[in-house]
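Order of writing sets the chain letters: A, B, C and D. Residues in each chain are counted from 1.
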């Protein structure tokens, strides 16, 4: 840009560009060692450049720039890049959920509210709930990336520059969609950092919910699932024992991801315009949050991909628990019994079953009829878990047909994310 | 919908609708008293409806619904509505900033980094930095609203419903763009609440920065601005004294807005699917956050609208502080002095001025020439603050021309927000 | 004090005191209505006093005081009082835990790490873990109370007062142990508020852990305990179903208690000396935190007091899970088998049991001997859960003897707290 | 202990102790390299020990221990040690404040409320406000240390151990005052970590207040103080410019210290007993919080020690601002004018001064008398800042006499802390 606008001679700009490309490839090849006392990466690069192409031309590199807009730029590029990478990992975890849902598409488990068995649902339906949660996380990161997609370069230290620069050209070269309209805002804005910390906090919240379920499902009492040994620690003495370490760790790491958000919100509080040294604190919390969330997603994707269901335990759980009690009431209402009356009858039936220690479907027709004259032989078909599940056929419901539709929606959604990733990948220095 | 799909007879649905409309107008007219022991608003409405149109038909109101999807719906409608209202208030505060910027479009103040005077900027430029901050807040709330714009109704308690409902029809009637694809997600999702708490937290962060500046500007030492008495407390004995109460209060209230976000993130942490009673805690923190932010915006808009600049103090601040020192170096470079040499010369000049206790522009030409032969009479024009400011003419810079362009961009932006507000206003029960 | 030091005439001070006592008894009798437009409680009291004993004398009430030290005083008195009340409630909950521990002193449950069954423990031992957690909360509140136990009165607005007041006398009258040594610190200090918010946050954290356990124990899969209906919501249709509402609510309320702490920490951040209006935000977060924690403690104490153990489910859980596997290794080691060898043998044994689907204690002696020659008939006694538990007899261990000692320690601790409460109760205006 | 109780032979225990001492001195001499794949420090030590004294005896090291109680022990030792170190640094910063207060014991500055000039105070008085804040921090850390002062060793994995260990003996050897009374609590307790994070958060809050003041005082508009170059960044071109980098950085770092507290509170939330892998997250947040706070204290102590006052600027600030207006009212009241009347008269006087642009003390006696007949020549003495300050002679007030008393109290307090530090220093492995 400096060459194109004539701020420095074309030849100089070309030598600068060539020099920087050489430095970059040496960096990538591991041939360059940065020095701590050069303060930051920019100073290191400029020093190395000076050693190679001479101080006079290398000195022009910093023309019309300031540390303030440069540091802001680096953080923007980092956020743009990491939004994409995190979305990619979210997509991978979604794909793992979808895969498990498809593999276990006919398994019925108890659906829980208050950790109490409520109604039978497809295991696939339960897993897909996470698919859609993560989709909102993707959307949030896409919004975050869009808002971060403005170049601060050219803002100078605070007030713009006296050189006739072309900010839009630089922005386009760097892959930005636009430029900050106000130089003071450009150097003192860290919203995009907080935006990403927020998106990460909600991802961590979601993962903590799933991990909690994994820990519960892995307890001897539930035993709903089995995990690959790679994600657990065991005991050679007690081979049945498996601590779901990864799930616990990720649940615990929610803390640091929330903490990083609080860090940066606190930094922002009450700090006047424009740049203040306080903002130097934006780096570690962002890096830690990004690393933590990305690693959590990566390893959970691996864990989910190999998660298997313990069919026997799951089935045992669906048999007891009166998951079909609601449907007995439905049955009676459809046969003309007023709702409140049906409701009471079912209360009596369940109480009777508890006394007898057997599930509803094991009652004889006579036992049923003690609680209502409308019961007929079709009640047994009506009470089968498959029937119960199949009847919840409203849009987004748990019936196999409704869930099949979700599969299709989920696959389309994955494809859209892939297309977005193709369009928004980090373009800097890519040919 | 229940009538349209034949789940209940048309006549019944019409009597329900008419009954509900009557209840609504009585509520709006203040003729209805809710009872605490009816537990929540739905139960109250159903009770009143029963008293009016009879238990039998009123009892059909709850067909194919559950408390779980109903409560989720209420929160969605609240968030959709409040996003719009908050955006409207953000727009009002933006307009106030723009107005002050236009009124004081030629006032120059010191631009600060590290609360140290750095370079002269237009006061208008400084104020507009807040305009663009708030614009990101608007964008964030628009994203939040878009993600919240899915109807959970029809998810039932957890698994969908056995009735042949039309979820999309209900969603459209209620003004939603779509429906949740998964019933379990629909009843256990509170992301949209957290989304709004996050957007609010960043608004509060922004306001805290501005309020900090107001407090500093109102100190005797700065005295840059004057506020209307309505937003301060004074002292009859010391009429010169004005505590910038509103600014301090809003700065302090950042705490509760951040706190509300932390509240809900904590609630979410580690809670298994689906609905858990913990989620009842989503209400107070959201209501408090929304109220706090909206009232802060409302009152600050009033305060900014009447804010006046103390021209004398501002001018005094720009005279000292060597805000034009950078431009002396520029001057020398343009006359051929190598950058580093120019830089050193200016260091000498400023040191000399400090000794003599006078600003650069009061030096004689001879004094200038002690530090460099290139100085000529045009240096005085070059050092005028107006010239210094005018030279920072890069896009987004502080020159009057660049700031004028910002005015235009800002006005267009306001118009776009207004158009968005027209399209997205809360449509429920509006004719 | 004003009378005693001669700042105002004795007669005036006596009339003020008598007037204030009258106002107080009228307030306590509900005969006084405060007016909002009188701004705060002090202004209301002064107005009422003026109406009763005349403006001239009532006007002397405020001599040598300022709003700043007065408001600080109120908050101090509130914290001193509430520390005591919260400690009293913590003690009540401790007593409930101790009582349940004593009632179920011989019940064995699986002890969990990673929510995996690890070793058998007494249910009493598990409950007492909470006793000691709460004891640290009591200690923390006692520290908090001690640090808050300084009177700010006499600090004036910021710099002290020109009247010859006796601050120590006032402090003693109000029940304080001492006075703030620095007037600027006295009016700008809100540490004692944050101290209490911190103590509350850790209480809430502890309660969230216990509530999580209650929710898990109440699941059908665990079924370890039963709760009184008063603390659950049920379903008339599904009488077996009980949502542990209170436990979920208290777990959820952890959010707001953490949030209140974050609120006040944010308020404090970066605010210069001395009093700033921001500090007005100290009230709602403190009141809400105190109310939430006190109500949580109160209701949980009720819930714990009536909690019963489902002996059958608990026993079933201890039989499977190989809780005694560690003790087989111990057995072998004591009979001379090297540790590592014993360890491997047990791994083989457990694997064999898993194949055969039976617990270790159901193996025949021959089966045992396939894995080691040292097994003899005494292995069966050695493997009994009671023996296993009893052997963990180290100080603080789970053996009945060690737990009995804990009972004694716990009872002594309760007595100490009671003694502390007697000494530190809120003494203001008590005769 | 293992030897003393006969759990292992005396000779073995002696060889273990000697072996460990050798390893320790090699570690201290930098002769030992830990291996990552040995998992943690204990495994490394045990491996090295095995290589040196043989597997058989080294294997006995872990007798009657578990990873769970061992890790808890390490964290306890760390907290005990770091409480002392942080207290030592707090004391150093207090001493620096006290020194500056003594050096500038006669300098008068405006005392601020709402960042508005309120009443004149001694600069020493202002600085000592921080002395007492930090003293509360010391007290808080002492409480924290006292609560952390219980040994968890002997709790085993969860339930205690079957070996006849002597927990109290081990505790005493390690420098603890007592032992955990409950093994389950011992392995799942991280309160002491949160306790220290809380104490650190309040320290950070205090430092952020002081740093904010430094930033404000360093602005050109205030210019109250000068800092040594070591704690600022300057500009060779603008030698007058000094960015108070350290103060800004420490203010910013409040964020991460608050964030670390939120991290660990979140980790704790809703995690059942006993040990869960989540707790592994206790380390990084604690280490970061401790390092950040200690380094902040260390560098601030250096900065404060060299802080100088810009007498001219400070004096200019005390002349304007009507800091003595309250004392004019006092003067009139003492001469018999009713309070309200005096108050109004002063309002008139200040208004008149504002019009005339001069301070109260520059009015002629005639001008004074236009607002009240009681004024006499002694008003000028009465209005001198020294007199005004001297009159605020109540305990803890700003008069030189009262502040002198504070000096004495402060010195005594420092001596008490030193005595405490001597008694509570980290005793492990010290001869």
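In the analysis below, a contact is a pair of C-beta atoms (placed from the backbone, for glycine too) under 8 Å apart; a residue touches a chain by one contact, two chains touch by 3 or more.
Nothing here was measured: the structure is a model prediction, and the numbers come from that model.
Looking at C-D and B-C, the interface holding more C-beta pairs in contact is that of C-D.
Distance between subunit B and subunit D, defined via averaged C-alpha coordinates, is recorded as 35 Å.
Spacing of subunit A relative to subunit B, judged by their CA centroids, is 26 angstrom.
If each chain is reduced to the centroid of its CA atoms, subunit C and subunit D end up 26 Å from each other. Separating the CA-averaged centres of subunit B and subunit C is a span of 38 Å. Looking at subunit B, residues 112-115, 212, 216, 243, 245, 248, 251, 254, 258, 261-262, 265-266, 269-271, 276-277 sit in touch with two or more other chains.
Taken together, the touching pairs cover every possible pairing of the chains. Against subunit C, the residues of subunit A that register as touching in their complex are 110, 113-117, 215-216, 218-222, 236-245, 248, 262, 265-266, 269-271, 317, 320-322, 325-326, 329, 343-344, 346-347, 350-351, 354.
Residue ranges on subunit C touching subunit D, taken from their complex, read 59, 64, 68, 111-115, 118-121, 125-126, 128-129, 131-133, 136, 139-140, 143, 147, 154-165, 167-168, 179-189, 191, 194-195, 198, 201-202, 205, 208-209, 211-213, 216, 251, 254, 258, 261-262, 265-266, 268-277, 327, 330, 339, 389, 391-399, 402, 406, 409.
Within the complex, the subunit A residues that touch subunit D are 212, 243, 245, 248-249, 251-256, 258-267, 270, 276-281, 284-285.
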